[in-house]
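Each in structure tokens, the structures are laid out below.
Paired with chain B in one complex and with chain C in the other, chain A is shared by the two complexes that follow.
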Partner chain A sequence: MGEMSAVGLMGGFWSNQPVRVALAVGGCAALVCAVVGLSTVMRRQAFAGHALSDVSGAGGSAAYLLSINPLFGFLGIAAAAAGLMEWAQVREARERDLLTGVVLGAGLGLAALLLYLDMTVRSVSGAAITVLFGSMFTIPTSIVPVALAVAVAALGASALIFRPLLVTTLSVDLARAQGVSVRTTGLIQALALALAVSLSAMTVGAILSTALLIGPAAAALQVARRPASALALAVLIGLAATWGGVALAYQSYYWTPGHGWPVSFFIVMLIICAYLAASAVASRRAGAPAAVPLSGCQDH
Partner chain B sequence: MSTSEAVVALERVAVTFGERPVLREVSFRLEAEQFCALIGTNGSGKTTLLRAILGFIRVQSGRIDRAGGAIGYVPQKIILDPGLPLRARDVVALGLDGARFGTRLPSKERAARVQAMLRAVGAENFAEQRVGALSGGQQQRVLLAHALVRRPKLLLLDEPLANLDVGSTAEIVALLRRLSHEFGAAVLLSAHDMNPLLPAVDRVVYLANGCAVSGKADAVVRTEVLSRLYGYHVDVLRVHGRVVVVAAEARDESRTALERDPVHTIPVP
Partner chain C sequence: MMDTRDRPRWRWLILAGLAGYVALAAGCARQANNGPPVAIGVESQYANVLSQVGSPYVTVRAIETNPNTDPHEFEASPAVAREVARARLVVENGLGYDAWIEPIIAAVPKPDRRVLVVSQLLGLPADTVNPHLWYGVRTMPAVARAAAAAFAAMEPAHAAYFAANARRFDSSLAPWRAQIAAFRARYGGTPVAVTEPVADLLLQAAGCRILTPLALQLAVMNGTDPAPQDVAAEQTLLRDRLVKVFVYNQQVTNAMTASLLQLARAEHIPVVGVYETMPQPGYDYQSWMLAEMQALRAAVAHGVSTTTLGR
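Let's turn to the complex of A and B:
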């Protein structure tokens, strides 16, 4: 990718401005995705999270077409889609999956049109790769304060609904009987999910953002026994994978002079390694064979 | 609240799903510390009745009056994911303040209440285990503690004995009997198999044909009362210490659940 050749010419890791921006925005994305991803996996909404990530690509594509901050584009479409899915109030797993599938199809169709227009009308080169697979070293510095604000909003929303969401995860009826405002909790969770997905899409791209949203949480849930430890472990895995991915991508420029490897690739690979390691730990505890698939994706 | 005040009172309550009447003119009242069994075959409307009391569904006519205070509820068929990072202790703690928005600081008083509740239901030994990994009987104890930790005036349990082995069933019934007195809560427990329940309950609400009869068990579980409720003759037989309700003749296959499932057993009061 072109971004790596630019980075390679810019000297040291810590003093490199694109690297600093990547670490800051990626760190925000990893932190928020770990927190929101945990509730997403626990509520068996991995497919909805994946769909929102893909659908947000339409927003990113529109942002390039309209020459606005791409984060706003990702966020706008993700929030609209999340709101629609939550508004429909579908509880039955089969119907929820069908609705999610319909929203996903519509979003991807729109993204295809907008990416086509990006290339033909606006002649934006590399928009498709950037929107779908991310390009962390080309994120403009102006996005950092916006990303921080989005992260604070998402973490605040998650903290607000932490307890009601846990009760709802146990049973919606149990939560209602206890006085939990299930509707409000669901809407705030949908908003937090949209915020997380938009940051994640900005970082590793719309297609791969599911990995950042689901992977660290799924790995943490295999070994943690308490919500707090699951949260801490998911954050640790997310941050380590993201910052480790940035560092490896930076180093990769020296492995293959003239061009480096995509950051997204390293982030996703590190997350998969963490998941496999967590599976091994969990199976060793249980004395059973390691689970191979991501549990969150199994149960959508 | 004195024992003569109703914790919950239903008066001619009717619930209809589409064109199908599920409950018709159901009336009964429940007082503090009363342990009441809600009996009926599958599909007789037990869950609908409990959900109507909780306010989850709208009644078409009649009224449900509830005294103030918290309601404890244990729903039917909760499947607790073994992967949930929640210990039994965490689930009970969520019963205290799980409905509140925001985070909380650790509190000794809160921890003590949770510990006392775990002890009351006999769940101390598995308090640190993941709730999804517990046995059915252990999960019922945890859910019971979750429902009771706010000291509710009314405790509603939907088929809590389903899928429990004989030993666990007897333990849970004895536990409920004791806790209803300890906590001063009125308990309404639905079940289709009443064998382990009738020796322990104060009252019975028997549902059939969308209608209910209520009273002391030996006054309700009688041939003439149940025949009137079902709308055709049934026999209440006592066999080896159990009560067996037998439909003498199925008249209309589409009419009642009993006709689809003609033998219904109820223990001797």
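Let's turn to the complex of A and C:
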């Protein structure tokens, strides 16, 4: 009987249009974030990735003011900020964190102003929730093709620099010796990061988008021993968390009658679970002679 | 580092400044007592009714007047506190709609100020879901009568004038009530979709069946994440043309309401734009409500959209 009702409850899931849009856009975001997140974590740029997604919130807020596609808003600011941070090229980690923190603060401050203007000038209701925490079931259908294009661009950029980036991450000198342009690689990576962050911000919101960017990659790097398996695992975790979150949010409608829980909450919780599970697996293995963990690569 | 010897001087300066401020404030308050008493309607529609009852013997101010702003997300400014400090009567909607005014009222106590909470005036329980009371047929006549009584206590010499105005206001709503009754008789049971509960009381009075899930209306009103089931249900109402009219709140919009509006237009479902606060200029409460009712009738009878009430 339990099975019967479960089937009945999920009955409208696949034919539900907001769910389909959420699965499509969320799938793009999860895929791109897993791929780009991997190099972000390996290059120890998690904080920069977080700052970028927060800053992109200003773009999402501006999009309402300008009546443009919010994805373009997120993307515009994220690309500008990523370019700026890559251009500044601060070598020392401490200084890089400070610069990133300052940019983050400025971006969120700008978002606060733009959200205020959204509400007072454009009568946009709930803009703050949508921009900062995501509102997957209200994403307009028209965003799907744009999201697909952004995903293809991000994956293309990542594929282009996969080898050189891996070498650069291991050793800058080795990369130079092999004829890799470190500067170009970094710029393309920054662009891919901006694309990933804007897709993620569209899905789970500017504040939570780090979770999708960093979480699956960090979990995968704890257990995977080779780049290829880390990549596959990160993609798997990202997609499972995002689509599982959508399914759980859909289900939650029947837990508290008539009130679905926010989908962003479920996605982030599933990512945390995956991370904890990966940690448990990694610590179990700790006794055995382990390969050099990928996340422990030296910072250049 | 600040020199410690400077401290006492600073303290005196601050004290002097405070004293000056208090004196100034007291002066302002005295000055205010000279003119006609001030009444505040927190939303422009309440202010409009107050003005129709009390003017010119009462000066009426509104706080929320911008029809392009979402009143649910209003933020008070220091200027609002100044207005409240002078007021002898404050009319607020209640039910959490304008809860931000209550700490301001409490912060500037004034023994001879009356606060009229419309939801309490109507005897509604505190957990009433739809706070948009001014779309109800019996709301504003009750507000007008209560305002007349409050004004009579402030300016007893004009008590008869206020009472007559309240009666005149009530009878000036007769055409609106007649139109609602006529609509109900002819088009009662008309299925409608809405984005937000703003005009629900009027639609119900007109006998419309509101098919939009209440949870979706509340999600739009409160700016929370709607459930996909409710979004899909609303889309089905429009796509399968299960409704005759799409009632669209002009002041509470987001990406989803915009895409619903697009869908309604694509399916040639007539759209009626409704407002949270009184559209200005050119409208008073009566003509606003009449215009909304006429727009609803035009939509149902002739399939004509009235998206905005600009004049």
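Operating definition for what follows: the second predicted complex is superposed on the first by the 275 of 300 C-alpha atoms of A that agree within 3 Å, B and C clash if a C-alpha of one lies under 4 Å from a C-alpha of the other, contacts with A are read in each partner's own complex, and residues count from 1 in each chain.
Following the convention adopted for this analysis, contacts are C-beta pairs under 8 Å (C-beta built on N, C-alpha and C of every residue); 3 or more make two chains touch, one makes a residue touch a chain.
Note that the structure is predicted; figures quoted are calculated from it, not measured.
Participant: Does the superposition put A:A249 against chain B (first), chain C (second), both, or neither?
Facilitator: A:A249 sits against chain C, while chain B stays out of touch.
Participant: Between chain B (first) and chain C (second), which, if any, makes contact with A:T203: first, second, both or neither?
Facilitator: In the superposition, A:T203 contacts neither chain B nor chain C.
Participant: Where does A:Q45 make contact in the superposed view: on chain B (first), on chain C (second), on both, or on neither?
Facilitator: neither
Participant: Of the partners chain B and chain C, which touch A:R163 in the superposed model: first, second, both, neither?
Facilitator: first
Participant: Given the touch rule stated above, what does A:V19 touch, chain B (first), chain C (second), both, or neither?
Facilitator: In the superposition, A:V19 contacts chain C only.
Participant: Is A:A224 touching anything from chain B or chain C once the two structures are fitted on A? First, second, both or neither.
Facilitator: After superposition on chain A, A:A224 lies in contact with chain B alone.
Participant: Should A:T100 be classified as contacting the first partner (chain B), the second (chain C), both, or neither?
Facilitator: After superposing on A, A:T100 lies clear of both chain B and chain C.
Participant: Can you list the residues of chain A that touch chain B in one structure and chain C in the other?
Facilitator: Chain A residues touching both partners: none found.
Participant: Under the definition above, what is the set of chain A residues touching chain B in their complex?
Facilitator: 42, 44, 159-164, 166-167, 169-171, 173-181, 220-222, 224-227, 229-230, 295
Participant: Contact residues on chain A for chain C in the complex?
Facilitator: Touching chain C: residues 12, 16-19, 22, 70, 116, 119-130, 133-142, 249-250, 253, 258-260, 262-264 of chain A.
Participant: Which stretch or stretches of chain B touch chain A in the complex?
Facilitator: Going by the criterion above, the answer is residues 54, 56, 71-75, 78, 80-81, 83-87, 90-91, 94-95, 97-104, 128, 130, 143, 146, 156.
Participant: Under the definition above, what is the set of chain C residues touching chain A in their complex?
Facilitator: Listed in rising order, the residues are 66, 68-70, 72-73, 75, 213-215, 220-232, 235, 250-256, 258-259.
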